[in-house]
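Data block below; observations after.
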Amino acid sequence: MTARFTDGRVPDPGIRRLFAPAGRWQRWLDVEAALALSEAELGVIPSASGAAIAAAATFDRLDIDRVARGIAATSHPLMALVRELSREAGDDHGGWVHWGATSQNITQTGDLLVIRDAHILLLGLLSDVLRAAGDLAERGADMVAPGRTHGQHAVPITFGFKVAAWIDELCRSADRLRQVEPRLFTAMLGGAVGTFASLGDVGPAVQAQVAERLALRSMIVPSRATADAFAEYVCLLAVLAGSVGRIAREIYAMMSTELGEAAESAPTTTVGSSTMPHKKNPQLTDNCIAISAQVRALAPLALEAMLQDHEVSGAYTEMMEDAVEQAAVLSGDLLTRMRMILSGLQLDRKRMRHNLTLTGGLISSEAVMLALGTVIGRQQAHEVVRQAARQVHPGLPFGETLRRDHRVTDHLTAEELDQLLDPLRHVGQSAEIAHASAIRAAAVAEEIDTRRRDGAARNGHAAPSVVKARADLADAEVVAPI
Amino acid sequence: MTARFTDGRVPDPGIRRLFAPAGRWQRWLDVEAALALSEAELGVIPSASGAAIAAAATFDRLDIDRVARGIAATSHPLMALVRELSREAGDDHGGWVHWGATSQNITQTGDLLVIRDAHILLLGLLSDVLRAAGDLAERGADMVAPGRTHGQHAVPITFGFKVAAWIDELCRSADRLRQVEPRLFTAMLGGAVGTFASLGDVGPAVQAQVAERLALRSMIVPSRATADAFAEYVCLLAVLAGSVGRIAREIYAMMSTELGEAAESAPTTTVGSSTMPHKKNPQLTDNCIAISAQVRALAPLALEAMLQDHEVSGAYTEMMEDAVEQAAVLSGDLLTRMRMILSGLQLDRKRMRHNLTLTGGLISSEAVMLALGTVIGRQQAHEVVRQAARQVHPGLPFGETLRRDHRVTDHLTAEELDQLLDPLRHVGQSAEIAHASAIRAAAVAEEIDTRRRDGAARNGHAAPSVVKARADLADAEVVAPI
Amino acid sequence: MTARFTDGRVPDPGIRRLFAPAGRWQRWLDVEAALALSEAELGVIPSASGAAIAAAATFDRLDIDRVARGIAATSHPLMALVRELSREAGDDHGGWVHWGATSQNITQTGDLLVIRDAHILLLGLLSDVLRAAGDLAERGADMVAPGRTHGQHAVPITFGFKVAAWIDELCRSADRLRQVEPRLFTAMLGGAVGTFASLGDVGPAVQAQVAERLALRSMIVPSRATADAFAEYVCLLAVLAGSVGRIAREIYAMMSTELGEAAESAPTTTVGSSTMPHKKNPQLTDNCIAISAQVRALAPLALEAMLQDHEVSGAYTEMMEDAVEQAAVLSGDLLTRMRMILSGLQLDRKRMRHNLTLTGGLISSEAVMLALGTVIGRQQAHEVVRQAARQVHPGLPFGETLRRDHRVTDHLTAEELDQLLDPLRHVGQSAEIAHASAIRAAAVAEEIDTRRRDGAARNGHAAPSVVKARADLADAEVVAPI
Amino acid sequence: MTARFTDGRVPDPGIRRLFAPAGRWQRWLDVEAALALSEAELGVIPSASGAAIAAAATFDRLDIDRVARGIAATSHPLMALVRELSREAGDDHGGWVHWGATSQNITQTGDLLVIRDAHILLLGLLSDVLRAAGDLAERGADMVAPGRTHGQHAVPITFGFKVAAWIDELCRSADRLRQVEPRLFTAMLGGAVGTFASLGDVGPAVQAQVAERLALRSMIVPSRATADAFAEYVCLLAVLAGSVGRIAREIYAMMSTELGEAAESAPTTTVGSSTMPHKKNPQLTDNCIAISAQVRALAPLALEAMLQDHEVSGAYTEMMEDAVEQAAVLSGDLLTRMRMILSGLQLDRKRMRHNLTLTGGLISSEAVMLALGTVIGRQQAHEVVRQAARQVHPGLPFGETLRRDHRVTDHLTAEELDQLLDPLRHVGQSAEIAHASAIRAAAVAEEIDTRRRDGAARNGHAAPSVVKARADLADAEVVAPI
């Protein structure tokens, strides 16, 4: 994907790096290590071989150039790495490397460790975004501004209410991302086609042990052709991207010259236009709108990638790998930017107030109709007020047309009418909802952070993983990397 | 959408009908009724008006032609229905119809009742599909056939194992569809922009009561611009469609002249081709492959429809309504067909056996490699067997090339080799997994059916809904319609 | 697809009807007729049989209920119709019906006649839209308004310039739709798999004659699995929908309370909101935004439908038929609405003028920079003006900050500055481009209409089709139906 | 995007490199050079400045690190490059750099030069693919194999006929890619919003000159918000990807164990599976199937990116740039692989012959029906043959069931029946079509190559571009880079 011109001032969230060859190879080696240790423990391979293989399964001990050359020669993702690992494990043990496994067992399970690392980073970013949104909801809880439906002023809201609706969507995404974990983060070690034929009756136990070592669930039917959880994950990231895209578009609109209610912060060195020196353009929101579309466009790719044939087809696996990697990387870029936008968002309370006056009072039509409706009935009041509203023009405000209509003045006093026409009195529960949402955002953020700290996010259930046998694997890989 | 030529023999699942104008209007009236009753109970409108409005809110009592003409005149979805309901409620009560609500409150909440009805039908179909798949897994648990990866024979499986992988995907979809319920099935009664300005402090209580009456959840932030749960729902139906599409493609492949391992049942009057009298073509599987693509194509539409602006835009609401309706209707057609396919699937055990022989024994290469590998190491065994495999040709089966290679015969006896070359001995846990999956399928189906019976599927939590005040509403609308 | 609430005031473009069963069946019969006549002329079947079949191939002469029952019994799209046609043709001739053809030959070629009818209607609508846009460009050629980039005021434009850009896109779509015709509108009569095996050496001649009779091109390789032109067509309609969607979004934005530069016309009976009596919402533009997304969402479906397997698969044909039909029907609804919007668009010249003042003069920053740049160099001028712009606030307009800066006043007189700050002087070629585009729109519309009249649009080349033998076929089918 | 494991043996087509920062920056500098030269010639800027700027506009003369730091500081794509170019042009001339232009004028026009370079490479690859396909059609023109519809044996074809259908699709893509050129390759130099306000009346002439220098067309309405041609281009690449994906899927199927009619060539060092030593998997076809999906998934992104707002929005520009770049890069990878596949495809004539026998003669049912139909009528013959076909089973071939049916034997002699049952006699025009398509493929390839040599592909019309003033720009940039 094309670089973005804001890259210089937006920190990289670290997800790109996880998917780089070095990151993926180490995760594949981790799976080979966990496999060897588990097989050793269950008596499938010699005990010493398990330990030797696990010890050798470190990126640093391998000749990576040789692996790269091997991949080029074989056009195979793993065989060269397995050979190198065998070599490094030594003559007595190398023959037991990769025992009973097919390549995809290693690459898919290893990639899931990468994806889980990315997932934990994404959750962290989502938590940050929620906290920033919570602060913003609080900041804007009482800032009254026009509510707009179909692009038209409707009734007043407060800015905090608007943010509350954003928080609501984001919290549901947090829910979804938690719920998908046990479906997604599973070890798949069923061998050539998933029947455990290469390991016999002990097969399921080997897979269960590997899963436990890697703090994954054990796949119920370890078919290589099963990809629904990957597609679901991409779709859920796309839903999150939909929410973030909506927020970005909203801020973009509020930044417009005509609205001017909010503005992205930017360093003073930022240039808006090469030909219009006054321009202060949205930039991070532009990025977010674009990235949102890019992530959403991966959903059909991931859904098509479910259409595996027979016991597996590399074509569909390749599609899915691409969709998941892109979705994760782009989501990281997206959330990082949204965090910056929300944290630094400038609000213009005065402008919001000013904008409330733009319709000459029409923004209060509902309030008037309801007050009138209690006396003459809602539908009739709707018609009376609608007629009054149609007469409004720049020189004739709504209050005036109402005051001229006896069907109104028969039932409402001048004072009542004044109060009804005050937009500040017609914001309903905006502030209460904003405050409550700020608390909810903080609580959900806290919950995410707690789960990340506890490692629960890793395997989708509460119990912490028990990693046996290899300390560095436990340290480096299973403990959350952040 | 174009009619399908199998429509004559496939029952309509009843979802299309739910979305027809009559179905939607009644649901909208149900929401108006629940609103009036709740407002009456909370003292917002006169008690007698609540009862009168609820009583009038029946499709049968209204002049539908007048409503239709009103819609044409106003270009507004609801106003004409509200007027007609007001008229029918009578002079004393009609003025309190739709009190405090905006149209989308009624149409969206009412449509969610329609969608929930559709959802319950879809769950029922999924349950049926799971049962049929369970039976099929059981039937094929021991039928040995070639496993195929990348279109090539790999190692043997049993047909039941293949079905187990389908069941696995479908069970996860059942999970997902259960988890989305509390997010999706919510009452949205916040008024013009969601702030409850029209109802004041009692607003949240009104929404909560309406929700309870309709066995929905109460929306936390009742913003009209919030659409993430709809998008999620379409995505989840697309994931389900991905799974069903994969199953259909697999059956299509197994029906091919060259494989011939399975066949769709069809009435004897079915014609395959107008020019090739012998043709017995897949038809329902063709439908399923096509419908799967159609449903999946709705995911980007639903995701784009999340991009609401400000407090709502009718354009995006319109997109989403279309995406959800199409996804539900198509999913019904899809599952109905898949149920028929799986229930009637003909399996050809003999042909599967025959197909095992097509590679001249190569399908057993893994078994030989592993046996050899325990002696000479896995990677070296891989190379030895690979060389032997390369020499195989129609006149020279794999067993023969192995027997000629002393690197093999040094370590394996003729009898051992014979056993290793028997594909029936290398199916691993295929049968066990098939049996377990049949049980799981039945259990998940049972759980779905129980939840549908208990009404839990309606509101996403275990507690049955408490519907007060209007008996026929309770009977007709809240109890599952099937 | 869901009905739209504006259907009462928007005429149906007539495309839906073309795809209804009656419309398709008649087109299929037309192809059977053309086939029989061609085969008779080439001596493949008896001459009398050709005439008899052609005479019988009329919807009105057939027992349609029997056909419908036959379809239900056979699950086959065509066989029942062929039988009915055979019966009607009589004992001596019925045996020659459908000679040498496979069903898809008839259904695909016949559906292409339907699609061509739809295409001609779409071209007519596009022509109307272009004329309306041309008038609008002319009307707004001199109305100065803020140009906006990234949501910020940039430099002035005229409204007509904006419309010119729309016209530009639409003209290119007219080009595309013309260029696709010879690729799309082709007769496919190659028999079971496209090899002409059923007809022998005369096969290509039969196809060529059928094509000529139906004013189609003859397919070069009549493979049933070839679908690229259909996918292209859906993509081109999606590109057109992208353009129309952009126009609709622009008008939606210009209708917003804050911009107020343009407004959709609507009958006075239209209701905007059930709770806010003052609301005058966009409605047709909402429809257009939604339909644009719906059409665009069909592109991936059509592209996936290209993935036919072997010599054909019904699943992919089914996908494509759905994509094409939906794209055509929705495009008709879209263009009909856009025609209405553009024809009736209300422009507010005063409001545009007012909006030019919103930045306190900053909209003229480029003009000032360029004038200054001729003296001190562009990049330095950019910096000077940028600094002046940063000081502007509601109480301090741009002119004032410039007048206080000697780096400006050293080079520009007060009078020069005043002129530079007048936005009406900085619209460049806006008006000229608007006028030229109005002429271009009319010319392209005229060209479309001429081609439609001449029938050239039917077959993608200039020569009029020569329809022989069957007068009513010539009248009813080949002459443009509008 | 994820690397592919075949990268070691597939040459990079060189498109990725074109889009790298260095490639794009040089193209942007080329546009600045052309702009300065044109403005100098038209008297807009001093003549010496034009020459000085053009001379300085070379990547090699600039301090690229400073540019990179400038981009980071400004978050602006071009400003830093413009400053650096100004500096390098020197005090007397630097002030005239970028005169009258806005950044997108330079970046979009420059990127179009990059895209055109990519386009020329893609056309070259398409030409290669066509030549390879032509050779293949010729090689397989007479190889009889089963035609398959809906996965079932239908009637015989020759392999060459199958390839002819591929060629047909590819030739239409060549047409499309030629036709889009004049729409796509246009210079956009209208300034801040496209009105030429910064240049006045000479603006259109400047744009025309720049266009001529760069062998582009001059954009009719140089609005920055116009993006339809980009979306069209991505869609056309997606259609091409659809065709190539279909071919790849077909070859994948023909490589399957059960069909075995064709096979991808691969180096002997290639490894199919880490656990099944015998496996010879499709690899390049897998890649092609995956890449096809990846390209097709960009169509909705590009279509959404058309939805620019007002006079431009960076968000949509960013989306589109990403879509176009990815589509071009992926298409290059796709065509490179397809060229390798087709060039090296192994065909198994014997296996094809064998496969013809798999239905026990049913593949000849159409031939028998037609012969019988000439006597007893087509529809009756269909029924007779259908009944005979239904009795066929492994022990009872079709010929036998026919010979037992007097309704057949009354009309056909034993000898006639034998001939009708010979699949080699029922391939129709397969060979003729294959030969003709081979010639057509070569001709279209030749035409592409000629156009590329003549430079016509650069600007979509026949006249060679006239590049004035700067020799190295002419050499390096306008002459096709391959």
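A, B, C and D are the chain letters, set down in written order, and residue numbers restart from 1 in every chain.
Just so it is clear, a contact is a pair of C-beta atoms (placed from the backbone, for glycine too) under 8 Å apart; a residue touches a chain by one contact, two chains touch by 3 or more.
Just so we're clear, the structure is a prediction, and the values are computed from it rather than from any experiment.
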{"item": "Reference interface A-B: repeating pair among B-C, C-D or A-D with over half of contacts shared", "value": "C-D"}
{"item": "Of C-D and B-D, whichever chain pair has more C-beta contact pairs", "value": "C-D"}
{"item": "Distance between chain centroids, defined by C-alpha means - chain B, chain C (Å)", "value": "34"}
{"item": "Separation of chain B from chain D, taking each centre as the mean of its C-alpha atoms, in whole Å", "value": "36"}
{"item": "Cα-centroid distance, chain C relative to chain D, in whole angstrom", "value": "24"}
{"item": "For chain D, residues contacting two or more additional chains", "value": "82, 98, 100, 148-151, 154-155, 191-192, 198, 252-253, 272-276, 281-282, 286, 297, 300, 304, 313-314, 366"}
{"item": "Footprint of chain C on chain A - complex, ascending", "value": "146, 148-155, 252-253, 255-259, 272-282, 286, 300, 304, 355, 358-359, 362, 365-366, 369, 382-383, 385-386, 388-389, 392, 398"}
{"item": "Chain D contact footprint on chain A (complex, rising order)", "value": "1-9, 19, 21, 71-79, 82, 98, 100-103, 191-192, 198, 248, 252, 266-267, 269-276, 281-283, 285-290, 293-294, 297-298, 300-301, 304-305, 313-316, 318-319, 321-322, 325-326"}
{"item": "Chain B residues within the chain A interface of the complex", "value": "82-83, 86, 94-100, 147-151, 154-157, 161-162, 164-165, 167-169, 172-173, 175-176, 179, 183, 190-201, 203-204, 220-221, 223-226, 228-229, 231-232, 235-236, 238-239, 241-243, 245-246, 249-250, 253, 292, 296-297, 299-300, 303-304, 306-314, 366-367, 370, 373, 376-381, 426-430, 433, 437, 440"}
